[in-house]
Amino acid sequence: MNITTFIIVSFIKTVLALFVLLTAVAYTVWLERKVVGHMQNRWGPTRVGPFGLLQPLADGVKFLFKEDLTPPHVYKPLYIAAPIIAVMCALTSIAVIPVGNWITIGGLHIPLQITDVNIGLLIILGVTSLGVYGVALAGWSSNSKYSLLGGLRASAQMISYEISLGLSLVGVLMLTGSFSLRDIVDAQSGTFWWIIPRWNIFYGGQFIAFFIYLMSAYAETNRIPFDLPEAETELVAGYHTEYSAMKFAMFFMAEYANMITVAAVASLLFLGGWHGPVFGPPLLQALLPVFWFVLRIFCFLFLYIWVRGTLPRFRYDQLMAFGWKFLLPLAIANLVVTALVVALRS
Amino acid sequence: MTPDLHLWIIPVLPLVGAAVNGFLGKKFSRQTVTAVALLFSGAAFAMVLLVASRFSSLSVPHVEFLAPWIRAGKFQVDFSFYLDQLSLVMLLVVTGVGFLIHIYAVGYMWEEGGFYRFFTYLNLFMFFMLTLVLASNYLLMFIGWEGVGLASYLLIGFWFTKDSAASAGKKAFIVNRVGDFGFLIALFLLIKQFGSLNFDQVFQSVIPMGPETGGAGLLTAVGLLLMVGAAGKSAQIPLYVWLPDAMEGPTPVSALIHAATMVTAGVYMVSRSHVIFERAPMALTVVAIIGTLTALFAATIGITQTDIKKVLAYSTISQLGYMFMACGVGAFSAGIFHLMTHAFFKGLLFLAAGSVIHAVSGEQDMRQMGGLRTKIPWTFWTMTIATFAIAGIPPFAGFFSKDEILWRAYQVSWVYWFIGLFTAFLTSFYMFRLWFMTFFGEYRGTAEAHEDSGHDLAHDNTRAGAPAPHGHGHGHGGIHESPWVMVIPLVVLAFLSLTGGWIGVPGSLGGSNHFDKFLGPVFHSNIGAGAEGHGLVAPEEKDTERHEPQTGHATELIFTGISVFAGLLGFFLAWQLYYRNPQLPQQIAAGLGSLYDAVVHKYYIDELYATLFVKPLIAGSALILWHGIDQDVIDASVDNGAHGANEVSDSIRHMQSGNLRSYAGWVAAGAAAVIAYMIWMGTR
Amino acid sequence: MVPISYYLILSGILFACGVTGFLIKRNIISIFMSIELMLNGVNLSFVAFAAQWHALSGQIFVFFVMVVAAAEAAVGLAIIIAVYRTRETLNIDQVDLLKL
Amino acid sequence: MTHLIVFLFFGALCVAGAVNLLVQRHPINSALSLVVVMASLAVEYLLLGAEFVAAVQVIVYAGAIMVLFVFVIMLLNAGEEERTKGSRVALLFGVPGVLVGSVLVGWVLIERTGSQTVSAGALPGAPRTIGWLLFHNFLLPFEVTSILVLIAIMGAVVLASHPDADQGKKEG
């Protein structure tokens, strides 16, 4: 395809992806409130719309019309820049995530992915690592001790867990030998022993890696049980204590977008991406993989919420000890074992 | 190819003994130390005997290569050993006598402090001496040379708490330095001339050269310098002064080092390099003259000494003089012969003297002795044999060797012969004087008083647990026979000094000079090559050394008779003076007056040296070296350098302000300069 | 198509900026960051040369430089913290004594 | 053409960030501008085809090292730097030196480097090849750097550990 069509298609794909993502974010929030509510014997949002399905819209409107006040003594430029950085990083990483196979529309053979770069995974890692700045700067610039502590915690925690996160992925990379997410997913097609799907978590024996990735992902996204940057019992709201209205919403969106990204990466790397039974008419055949993919993401998010409803919060030293003294050695051990397996297999 | 002899074992054994005793001896009991020392020295002796037994089957000279040492281009020096008749004789003497003296020392030193130290040094000495003897090149020989010097220094100063002993050791060391300097220069000359120090190569390159009859040449220079070294080591004029003082050391040391072995190293070295000397008549003459003079000179001094060991020391010097005389007249084998016999009887004399001193509780002054004949019969009889041997009374060992030397000396010049004869007379005189003063007459000493004095040897045998023949039988005082560990070596040496000469009975006395023939190959082998072509190389050498002397037996017999007569005359005179009427000597001394004083004071040689060399040296070094060079040049340069650095850095240190950015600035400027330079170089 | 010299000149500019920063900055951390800037400039030149000579080892060097930079950052920042503890200042001009 | 434009744009961004690093008085602004420099450098790497280098540049430099810087700045709560006149030398010798040096180097580069051009993605440094090189030709340096990093970690821990912390443990 020539350059103009490429640009047009890319633009369409981007808008589409962004729309889907933001909606997903909104409804993840709704889902969370609902599920946690039921877990805690509450109803959760019910007022707005059936089952409170319109609650996210209401929230959005509320955020939009709330007074956006910036407290005095904040370091203005960074105070404003921080949430933008956060949400930008969160949304950027969706660009390289494939949601399904190639589809052909009107002779155009296009991948269900904004762009397919052969170092997609690295790009995701890089962008998420840049995401730290949003949190850290927010904490520092808003010139309040709670925020500062939150920011410090966030930056330290994210740096620490990024290491074990990356190491947990290396096993998969060694198995497939590519950074391209699409290749990774394609490598997981098919089944072995007639029935078991050939996913990395099963076939590659990467369940340990998956476990490590899970833990690190919670830490990376500042979710319970690792949500110390915003531990409301100690730090009011952590790094976004001083934020309000749309800026706060941006952090909010960033957090949930990150959750979704992490879930997507997990399902791509460990859970076989969009692979699943495909049948029916061509359109269905084209859309079923997307459905399987979304299903996995949904399960993953549900796990998030479930954990949040179940587990208490760690203490900070426990968090660090867990990260450095348990996850990191475990990841390295898994790395060594996987390397041996690969070496022996070849 | 000759069988592998493992010569290296011989010197290494004493070294091991020294190492063991030296490093562990402090913890050992005296018995252990004794065991170690005797074991290793004895083993060395046994090894030498083994070598001697297999000697006939060897192709002489037998060179044993151990390891490369210095490999500088063409100049090569190796650790390699050289065995021929000469070194074999030396080996036998060194290890044999050394072993006996080890045994003796056990008894003698038993009560001394630093017992292990003593035997460590003794074994060390053995090692170096054997290295010296076995060396196959001058450099290795020099190592042994220096090593024995060191050992003798250590042993002379064995009682280093005693000031006289310490200074005596230093004196010996320094005087030897002078000689070694000559030796070194000689070595340098050899290297420069022949590019090698191995005996074989040097001699091979020397043999073709003709004798430097006219004037002095290189060989003469080398010979003279070697002689300087020899004079230093074996106490010849003018470097003999250290030997009498060396008597400060324990008596076994005096016997081993300063009578039997080390001091003869010079003789060995000279006769080892006889090839050079034979081609340097002037050097030979010098050797002969020095030897002769030394013999006479030392003998005259010996007459007047009253310290028993001093007498023996001077007699040693004079006997060494004999040996050099022999070498000087080209009778090297005779010199070595005398060296061997002298090792026997002089070692015996010293040991016996030690036994005497031991008996009278450390008294060394003969005037405090007398009448010991009945009290210490073993010592007496052995000492008697030794005395007769040195006095040249047949058939004792000394007679043959000395007679040989005199006969050869006569064939060169009657002057040598006459002085030698007179010296022989003096020798027998002062020896019998010693003999009479020590053993005859009535006891003049006060051994009872000594019995519980500080340096108390009276109790040795009892504490040593060694049963003394008459030790406790004595009614009175500390006078007693020595323990058997000391007596046995005496007996053995006595036997040797009685029979030792019979291997060298000259033809005139119906014997066939086995010793001469045995050493023949060493000293004759290459004469021919050198001498044949250019006529008269010391003609007397030719005809004497070759075949039966033309002068015939009759003349030789006459001369023999004369020398024997001289010995008897000395005996008679001593008998007259010191036995019949002992007051006579004082009158004679009084009569001689100043001359006698001069002799008593050893011709004031020490004082002379002190005024000539020592004092100027000390003054000069204090003035020039110490104040002049050391303080004003070295120290000053250091101090000024320090001050200069101090001031310079004082001015510069402001550059180092400690401000990081300033440093960065300097770095940036420097980097810019370097870049500019490189670009300039590149674009040029 | 971009001339290779452009990349080199860019890297040169970055390096010069780094040195200048080292010279004019007072804050230890800023100076440290200027050092990182220099390293980045060098890295760019490495990659550019790698592209010029078609030798990947140039890019390998970049990794080593990054590792060294990481180690340096860790130690250096630790040192800075220690210095701040003892001197209570980050101004390089006031940290010019070896002993307190 | 697009290549040149992209290059110039991000190059300008680089220079702007670098200059901003110099002029900003607050370390955190310097840090952020440095992050900008690094990010745009990553793009330059991409242009040169060193995609893996670019990714690592973002992850390690911008994502880890600079975060450390920001972290320390926040920890020490570093404020505006006061322009003390600590060193005349730096201004008298250093700055001219830098100018001279850079001018010379630039001149040489323009003169000598010729007009050789590189197309976008001239030398594709794919992760695979890079890894192969790292683990074959550069294995020893690789291991050595790992040791270096280990030492650096320990050194950092030792240096930053509070001196009287362990004393407090002893007492308490």
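For clarity, chains are labelled A, B, C and D in written order, and residue numbers in each chain start from 1.
Keep in mind that, in the parts below, a residue touches a chain if its C-beta (ideal position, glycine included) is under 8 Å from a C-beta of that chain, and two chains touch if they have at least 3 such contacts.
It should be emphasised that the depicted structure is a prediction, and the values quoted were computed from it without experimental measurement.
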Set of chains whose contacts include both chain B and chain A: D
Approximate Å spacing (C-alpha centroids) for the pair chain A, chain C: 33
Separation of chain C from chain D, taking each centre as the mean of its C-alpha atoms, in whole Å: 5
Distance from chain D to chain A - Cα centre to Cα centre, in angstrom: 28
Intercentroid distance (Cα basis), chain D paired with chain B, Å: 81
Residue numbers of chain A (touch at least two other chains): none
Shared interface positions of chain B, touching two or more other chains: 657, 659, 661, 664-665, 668
Contacts with two or more other chains, residues of chain C listed in rising order: 19, 23, 26, 92-93, 96
Pairs of chains in contact (touch as defined earlier), listed by label: A-D, B-C, B-D, C-D
Complex contacts: residues of chain D adjacent to chain B: 86-98, 100-101, 104-105, 108
Contact footprint of chain B on chain C as seen in their complex: 19, 22-23, 26, 31, 92-93, 95-98
Interface residues, chain A side, partner chain D - complex: 75, 78, 117-119, 122-123, 125-127, 129-130, 132-133, 136-137, 139-140, 148, 151-152, 155-156, 158-159, 162, 166, 177, 179
Chain B - residues contacting chain D, complex: 657, 659, 661-662, 664-673, 675-676, 679, 682
Contact set on chain C toward chain D in their complex: 1-10, 12-21, 23-27, 29-30, 32-34, 36-37, 40, 43-44, 47-48, 50-52, 54, 56-57, 59-60, 62-64, 66-75, 77-82, 84-85, 90-94, 96
